[in-house]
């Protein structure tokens, strides 16, 4: 069952990811990204990260991507012009990428050849309570710092998006 | 019994009931608004227009499905489905009652129960935006686009106070699973004040309840926050280009969202399926009384009918009501029906408030809407959350 | 015992006045400035009383530790204050005289601009001076040392609109730098050799060591300290700044450049007497420096016409006396003289200030005269001061000076004779000033007002100073008359044991006679027959000019030191060093960077994704390294 | 990886491989796309891929820290999105284009 679910959601994720890249219209890319996020949320659930899964839905799919869609609509961004691959992108980027991915995959398979399979419910400490505990004890300082970061981000966004920016 | 089979059965039941509820919710709304406005409302189709929803459905299905030439096909088709899907998903984790045993099968009323129910609801409701936004954008029509933009902005803005308002009772109840939340509100103070969140110590969540309701209005694009479909500015907003079943599914989505919000409010603030006063004071007889009273009403009306066929219909209803009242007295089903009754009663009351408000209040202006969200709702929700946290910390 | 309160109170005063003074009313400023100092004086009295300093207690050093300031390796410098009898004397002098002068200043500065600034600086000075006195280790002493230097700079240049004032300030500061250089070297040596800067520990270590016959580490340290002392206490060769320092307001001259700061050098040498006692050679040098300074300054004093200049040179020579005292090993006598000198010299300066005030800012004695009619109180007080400094029997000056001279005689008779002669000259020029100012008839012009002297009310008639000014004068007069009966040497015995043996009486008589003789000559010259000095000056024109122009020391320094330095820096450092070397270097680096950048620029297509491709390449290398090479290790 | 009959459960390495694939896709998008917003979204995709591996490692090590990290990643992503989109808005306002290559004022 777990394997099946993994397969389904992994397939969704990959397909949506590819779609993100190949679609010419930003909004299609945005929606496919939302699809990836949804699939990932499901995978998080399989890995026992229920809180992160929910956060993924709420923060990423529910807020960030909505913001993207909103901006795309606002700017009414049309489809891209014919996708011109620059020489660098063609002759350097793609091969490098393949190399990169190949190495990653190889290393992953080599470093952990047969580790115990992932079964749902084997990892119990992904609950909101657990995360909250370590967030407010061990990781208190980073947590507070992120709050400051967000504050700064808000200020920056406001400053940038004001009318009289020129 | 097999888990999958059981789930299938439950799903079937819930979906069947839920669809009718949605359909009839619209009838109720029309009736109520009509009476608020001193009209009679639909009454041609069937007795008291009871078959009106059926007629509407037939109409909508059989209508021509116009496909404008200038729309973005994919998203134009996708939008209503997204909307209705995400509207219906959330119902799947809502418990309608306690655990029960039917024919040796022990199950809980409700499709499933997540440890992170509340977060899940939030996430899904967040996703609901896409339906509206996409519809607005795909229609390739400036009114629709305005509607879409408005709704996405509005939903993002009101999601914050909503989440904050939800967080406050969670601090007291100390769980995210809706079932445990409901159970956490069982029992009574001094034997008669229910332990519902809106009464619960150390800090009654009445404020967060109100905040949540307001945010809920906004999230479901209901009056006074129905700017995405402001008829008199945007024609019909995001679904101006939609017809027949697609249009209907937007409608369904809206009502489904209403129901969901009402259910969440009931579960988080009004103590779910727990009665308003203890059994030992006879709270179990309330439904019986209500149904019996309505039956009597029907009979009395049937005695001197306003219309000829009332002589037939009203007694039928009377009998039905009596049957219902009797049903609540039969022990083997009582323990199923009582919680269900309480739950539905609360949900219906909140739904009535929805309709009532729609019948009374005018629409906000867009800037007012935003200012209200950010300068009133948000700070108040924060303060409320802060006070709750403080009190919970002081009196654990 | 809360020693920290003593310096902190003036600091608070400084902060209040310095920050808010502009907005405060004069009475408030006065209250803050004077109040803070008076309070710290009272606190000093209370503390000393509690420590039993007035009742024969305080044999041991009382020390308070506050916190560790610098902690590096073995060296551990902490902020702590200490009180022993020496400190007690200094505290009394500093806070007591300081308080009086503050009170006086409120009257003297009444019509000046930058009123709050003045008092802020003054309070700051008190703070640093007290730190200097209280500090229980070299570094803290040095902090105070530099602080008072700063304040003196600020206050000399108080009338910063006038060039001569700012120049004088700079001169004082720069000359002091030389001294401070020596001092800091000395501190380094101490820290290096005893790896501690705390007085107690250092001196404890030294006690055991043998007295070095020939030059050694002690000599080095003490000579370097002496350099510092000469800078701060205006001894030859670094005395030149003090006369110019008179450009500052008179209370400043009285407080900083007569009573307290300039005696810091004396205090410092007395404080480090342990080191000096282990190096007789250095002590001799101290004595000789002091003696020459005393003599030279006295001679210069003979021919000055600016009343403040006269007193400035007398200060220098009196400081010379103190150094003699220290140098011949009579530390207690030196400190004693420090105290008495603080009394009568402060008195003299304040009196001079009062006179200047009376003459609406006139400082040249040739334009005064006959003031005894107008300013009787000032005259009387000034008379006390003059008699005291002239060594009139039983007055404070006599008491301390005679002790020094006797010690000098014990050490080397010729020193005694020079000292006596100097005493005679001192008496002469002080009374010259006195007679010129108060006898004869008034030669001032109406409504004179040069420099800072513009006291607003510009009427020609000289006038007596207000009470706030003459009351401190009176108190100081009493002190300088009776100060000699405070037996400081006895009080300091636990620190500086006295030599046994009663010195021959005739020494005193000779010294006194010299003083009286000086007075008599002055009377003859400037009261009986005022024409005499003219003719005398004419007949000894050469000598007179030499003295009148202060031995051309300033000119000599200009030629020998200042000019070369300026030219050197202009020609060598600027033209060659800066322009050629440094700029050339910078430009070279810049151009090289530009060249390299030109090459690297080809990699910068300006397209984000090409950068991304580079990043990707780099990450691939990193992964390859970590994954394959790193894993194989 | 051993293909063939599907096992009951997959090893974590598959999750990691999936994350690698997604990351590579993100890089690809970054390299190929020209629309600023799409490029931005490719970055988000990469972030998500990283999150997935965080969660997987967290599962393997039976520790919650990975979740915390991905939580922080989300927070940072949110902040980044806010600022980045504001920037994009400004860019569009000033030069009516979203083509990433046409925004090259810094060049020469």
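Lettered A, B, C and D in written order, each chain numbered from 1.
Basically, a contact is a pair of C-beta atoms (placed from the backbone, for glycine too) under 8 Å apart; a residue touches a chain by one contact, two chains touch by 3 or more.
Every value quoted in this text rests on a predicted model; they were computed, and no experiment measured them.
Student: So which has more C-beta pairs touching, C-D or A-D?
Tutor: Here the pair linked by more C-beta pairs in contact is A-D.
Student: What is the distance in Å between the mean C-alpha positions of chain B and chain C?
Tutor: Computed value for the inter-centroid distance: 89 Å.
Student: Cα centroid separation between chain A and chain D, in whole Å?
Tutor: From the centre of chain A to the centre of chain D is 5 Å.
Student: What is the distance, in whole Å, between the centres of chain B and chain D, each centre taken as the mean of its C-alpha atoms?
Tutor: Result: the chain centres lie 37 Å from each other.
Student: Quick one: report the Å distance separating chain C from chain D, using the average Cα coordinate of each chain.
Tutor: Measuring from centre to centre gives 71 Å for this pair.
Student: Where in chain A do residues touch two or more other chains at once?
Tutor: 51, 55-56, 63, 67, 74, 89, 93, 97, 100, 104
Student: Chain D: which residues touch two or more other chains?
Tutor: 27, 31-32, in rising order.
Student: Any chance you could list the residues of chain B touching two or more other chains?
Tutor: none
Student: Could you tell me which shape the graph of touching chains takes: line, ring, star, complete or other?
Tutor: other
Student: With touch defined as at the top, which chains are paired up in contact here?
Tutor: A-B, A-C, A-D, C-D
Student: Can you check the complex and tell me which residues of chain C touch chain D?
Tutor: Contact set of chain C toward chain D: 604-609, 612-613, 616.
Student: In their shared complex, at which residues does chain C touch chain A?
Tutor: Touch list, chain C to chain A: 605, 607, 609-610, 612-613, 616-617, 619-620, 623-624, 627, 631.
Student: Can you tell me which positions in chain D touch chain C when the two form their complex?
Tutor: On the chain D side, the touching residues are 27, 30-32, 39, 100-101, 104, 106-108.
Student: Across the complex, what residues on chain B touch chain A?
Tutor: 74-75, 114-116, 119-120, 122-127, 129-130, 133-134, 136-137, 145, 148-149, 152-153, 155-156, 159, 163, 176
Student: Can you check the complex and tell me which residues of chain A touch chain B?
Tutor: Touching chain B from chain A are residues 27-28, 31, 34, 41, 50-51, 53-58, 61-63, 66-67, 69-70, 73-74, 76, 127-128.
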